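You will see two complexes here that share chain A, one where it goes with chain B and one where it goes with chain C.
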Partner chain A sequence: MTIFKSFNFFAFLSKKFEQISKKSSITIWILLLIFLIPVAFIVPEFFRLRNLNNVLIQMAPLGMVSIGQTFVILGGGIDMSVGSQISLVSIVASTLMTDSLISMIGVTALCLIMGAFFGYINGLILKVFPIPPLIATLCTGYFFQGVAYALHQTSGGYIPKIYKDVFTASWGLISVPFFLFLLLFIFAYVLLSKKKLGRYVYALGGNAEVLDNIGVKSPEIKIKTYVISGLTSALVGLYLVAKLRSGSSHYGDDYTLLSITAVIVGGTSMAGGIGTLSGTFAGAILVSMLTNVLNNVAFRYNLQSAYYKDIITGLILIIAMIFYRKRTKK
Partner chain B sequence: MRLELKDIIKKFYGVTVLNQINIEFNPGEVHALVGENGAGKSTLIKIIGGIYSLDNGKIIINGKETKISSASDASKQKISIVFQEYNLVKGMTVIDNVMLGKEIIKNNGNIDYIAEKKFVSKIAGQNNINIDLDKYAEDLSSAEAKIVEILRACTNEMELLILDEPTAALDDEDVESLFNIISKLKKRGISVIYITHRLEEIFRICDKASVLKDGNFVGTWNIKEIDRDFLIKAMVGREMEKIFPTRNSELISDKVILSVNELGDGKNFNKISFELHEGEIFGIGGMAGQGQREFLRSLFGIHKFKEGSIQMNGKDIDLSSPIKAIKNGIVFLSDDRRNEGLAQEQSVGFNIAFPTLRNRSNFGIVNKKENEKVINNIISQLNVKLNSISQPIKGLSGGNQQRIVIGKWLPMHPKIILFHEPTLGVDVGAKMEIYELLKLLVAKGLGIVIVTSDMLELVNLSDRIGVFYEGKIIDIFEGKKATEEKIMIAATGKSQRGEYDNI
Partner chain C sequence: MIFNKSNLKKFNVKSFHFKGVVGISIGFVLLQILSYIISPASANFADFANLLKQSAGLGLLAIGQTYVIITGGIDLCLGSIVTLVHVVTIGLMDGKAGNIIPVCMLGLLIGAVAGFLNGLGITKAKIAPFVMTLCTDFILRGLIMVYTKGQPKGTLAEAFRNVGRERVFGSISVSVFVWLFCSCLFIFILYKTVFGKHVRMVGANMECARFSGVNNDRVLISVYTIAGFLAALAAIILTTEMSATSLNLGADYSMDSISAVVIGGTMFSGGIGGVEGTIAGTLVIRLITSLLQKANVVNWGKLIIQSVLILGVVASNSRRKK
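Up next, the complex of A and B:
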């Protein structure tokens, strides 16, 4: 009898957990914690304050792009052009910026406007021509990348030192990039879960026809999600160009696939309509932490980490997709 | 709201789907809109709701001519629609779904969730709707989902509510609560347009009924002045066009080629049994979505069945995949010709040749001459007018496309043809030729199963007719004795053998 009761209790518990995890990001946070346990044994250096700060700083740009990507994927789309947007912004910023304060502020504003404009183009194409967003943004991505190459074949340009100092300042666990990420996260969180727009983004990805039937123009909402993604990409482009004090048409290369990985690992449905920003947060930490851990391991055992990193990122993305498919089939 | 429709005309790609519709809806009136599948009911309400634009005619609201060119125009005119299709966002809660598009906003621009919940539970309480407002839409049953959609309509400021087959997914108890809601709305002076294929509901809840038939307006009657038989006659009684070939039932042999025993998939259809004879056309009819589609597909291995067995020429056969079905001589023609029947961008020749390429290949290389011979042979058999066999499919008319779909299977010498909507999107001339072709095929000893929503086709083409209702064959009629009225009665779920004799 007691066995039965406890069995029932566990069934109840697992059902309850399933209900929670379906809509919230708790699963991924738990996964993150579980992942940390072996890390603590293999690379004890990981938990040093300096390294933790490094992890957060490394995670910040990925986190910011992933926030934009979350909006797009929640809305049922995908943005394959974020990487080249980042690169193009870095090239433009490093070409135009001079030592004057006005120039720094002006170029920063210009770059953000440019990012929004890139996103607008993506959304507009999808509004006018009903083609799969994967193809459309892959094409615009190539276009942006081409422009970046045309402007600057190699890395170069100039960024004032003060610009770098402001963007990379750090005290203990608090750093400007992570602070920027947090600010963006809070802003995006409010937008997504407290404002009308957020509800429409979920509806757009869940069942766009419902929006059309109540008289909300779904293509307009779609454009907005891409504009948000363009803005976050521009912000990351600015951060990277400041950090390295020069622009390059390769800065963004990794960010497209990594941001999608972070969003999917964070539990957002590839089909749109289901997902949370908090999940993306955890996903971004997990993905960038993996890079950090791999670097640590590689350093210890004298390995070339770059290849393993790509292999593991690809594997994680595939596993996350399989997991996600299973979840939706239930 | 007084809504008048004057001379409404709507065409899709040159085909007239609504022709000169004139209906008047009065305040506080529950007005039924009835007609067969494809009569134009859903198109008409989508015009009122601003989803489709009209090609000609006027919409007059309270005496004023009004343009409704978008869904938001319709809601400005206080028109609410509960669509037939599922219309919720699965990843959102009931409240979010109900309040979508009419959010209550706080001063700081945030959504006021507490006020929304209060508002929705108030409206739900007023209408005796009991539903967990925090549930996610994907966890709702289809009946609950329909209730939520009705709840959403009730939270609108409305003067006209359109319900498109709301009871299709509801059980009796939910239907009762829906009727309660409707009578409450009626008391408040709200007009209701009620679309249903369950005729008994009309006599319970409606004041008036308007009938559409093949896109034409038949008439409007007070419910008190008419009865069920009258309504059925108005829905189906049209002129018999002489497009059907004469029935030669003597061609049917006693030999059973396909026998289906108690087939079921546990969800869409259940305990389906019938036998198909050599030379017979077996028609399957009924209202849309009663399991016919899934059943037909399960005979070709696309849809999996769980119970029952299928025998061909007396032997059990395995139909777990289309390849196995084809090996047994069973071929399938989908109702979705564009996506499943033909490769639109490819040539006519390619489309005819590809299912049987293997028969004309040596070591994987196609014998070109033999291939062209087969293609030309099929084209002359089918009487398709073409410029050349390399012409792409997508430029052909629906009738010619349908002939090619049939033609692609013929080199395989099939024994059984499963045909879903044989003449969907096909004009009358081509219909006749397709019917002749089917007759020719059965004369050669094939068996054909057709699933069709075209009542005339069903009655006049089939040698026997099985009518589906809620996943079961509710009745099987001899083709000669079947009438549209009898089938209509069976299709609305009121089969009591014997009742037909009164008609």
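Up next, the complex of A and C:
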């Protein structure tokens, strides 16, 4: 009898845990902490202040794209064009920018508007034609990539030094990219959980009919999610172009899958309507931390880390999908 | 009765698909005439045979993609399967004629296993097809780098390369016959066998197929395995016609095969489509590529034209269905 009781207790505990993890992203944060334990033993260098700062800086661009991607996936869509948007923005910025302050501010504003416009195109296509978001954004992604190739075959362009200095400055654990990410995160968090738009985004992914019944035009909300995704992509494009001081049509290549991985690992359901931004935060840290740890391990044992990175990213996404399978079925 | 004949006839799948196939065939003929107008020197049989030869690899790949899209899925990792099998084939053959058959077998096995794993993830773990195949794509790309370390090695056996040099009827290469044979085989399977009927049923309505006693999981796994196997076959066929290893061999193939299938009249919503349209679609894609090559804008022109083409076809289909 006692055995049965203890079973019941465990079942109760796991049920309680499931209830909590449904509402918040606690699972993924706990997973992140657990992941840190072996890391502490294998690569103690990881916890040096300088390396931690590096992890945060590396995580910032991925985190920013993932915030945009979270909005889209929460709304029941997917944005496969973020990578190409980043590349295209980086090329436009590096081609147009000159040394004067006006040009720097002007080009930055232009690029952000461009990003929003790309997102608007995605949303508009989905509004006018009832086609799967995957196909639409895959095609627009290829289209943007084609435009990027047409503008610039190889990497190049010019970015003033001061632009780089502003975007990559860092003091101790605080750096401009991470600060930018944090600002964006807080802004997005308020937008998603405190404002009307956030409620509508959740409703759009959960059950779009509800929105139409209360008199909100669901396609408009959908367009807004894609615009947010385009804006964050443009911001990342600007950051990358500042960091590397040149534009290239390959900067964004990895970001599409990595951002989807970060969002899914963070507990957002692929079907939409379930998920949190703080989960995405943890997912982005996990994905970029992995790169850092792999680099550290590879340096120690003289391996080529870049070869294994793709394999491990793919495996993590598959495992995450299996892990969250029960919940997405509802 | 609900299931009387007149009700079934209302949604006439065959005529819908037939229009698509006729449309793409007329499109191909018009495009071919256009290319002859642009360069009159290319209006001979040898040039057409060359187009067929270039289409063979893509055509084989697109057959598998057609089956996958008919079931309502999508396969984004076919390009990486092509590169992996290509690299492994050249790496292991090492110039010896005795190695040809075992190495080719291994290549086909790799493709089939990759496809099988895709199917397993999609059916048993219930992962969305594009996420699963995108993950496989990344994993395979990683494996390619691990295997080659960025510098592919190995040589092909002469006997193997002779297959690629062989010409039947003066100018048609062996690969074209492999492509045509496989196309006919899979057209037959799709329309005349129980398995083909199941494939179309699963694509049209999964629930309905399940209630009709179709083992959905088995059908889906078989379809993805077939797609992987055909991609590996395409890789081997392409390898016979090459002299050196290329790490970019399969880079465009995922996108190309999807566009060939879609403009060939197969619909993303599943259930409607066929291999015969894909043959014409493949020829159109390759013709566009060769035209762009002549204009020297291939790398960006192709991306833009293909994306607009796919979007246009899918969008017009989606409107028509309503």
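Keep in mind that, in the parts below, the second predicted complex is superposed on the first by the 315 of 330 C-alpha atoms of A that agree within 3 Å, B and C clash if a C-alpha of one lies under 4 Å from a C-alpha of the other, contacts with A are read in each partner's own complex, and residues count from 1 in each chain.
What we mean here is this: a residue touches a chain if its C-beta (ideal position, glycine included) is under 8 Å from a C-beta of that chain, and two chains touch if they have at least 3 such contacts.
Every value quoted in this text rests on a predicted model; they were computed, and no experiment measured them.
In the superposition on chain A, A:A284 makes contact with neither chain B nor chain C. When the two structures are aligned on the shared chain, A:I274 is found in touch with chain B, with no touch to chain C. When the two structures are aligned on the shared chain, A:I322 is found in touch with chain C, with no touch to chain B. By the touch criterion defined above, A:A136 reaches chain C but does not reach chain B.
After overlaying the two complexes on the shared chain, residue contacts for A:I214 are found with chain B alone; chain C is out of touch.
By the document's definition of touching, neither partner reaches A:V82: not chain B, not chain C.
When the shared chain is aligned, no partner comes close enough to touch A:M59: not chain B, not chain C. Which of chain B and chain C touches more residues of chain A: that partner is C. In the superposition on chain A, A:I228 makes contact with neither chain B nor chain C.
Touch criterion not met for A:V293: it reaches neither chain B nor chain C.
Residue ranges of chain B in contact with chain A, taken from their complex: 49-51, 70-75, 81, 83, 85, 87-92, 96-97, 100-103, 105, 109-111, 136. Across the complex, chain B is touched by residues 22-23, 190, 194-196, 199-200, 202-203, 205-207, 209-216, 269, 273-274 of chain A.
Contact residues of chain C toward chain A in the complex are 74, 121, 125-128, 130-132, 134-139, 141-143, 145-146, 149, 255, 268, 297, 299-304, 306-308, 310-311, 314-315, 318-319, 322.
Interface of chain A with chain C (complex): residues 125, 128-132, 134-136, 139-143, 145-150, 153, 257, 260, 264, 270, 304, 306-315, 317-318, 321-322, 325, 328-329.
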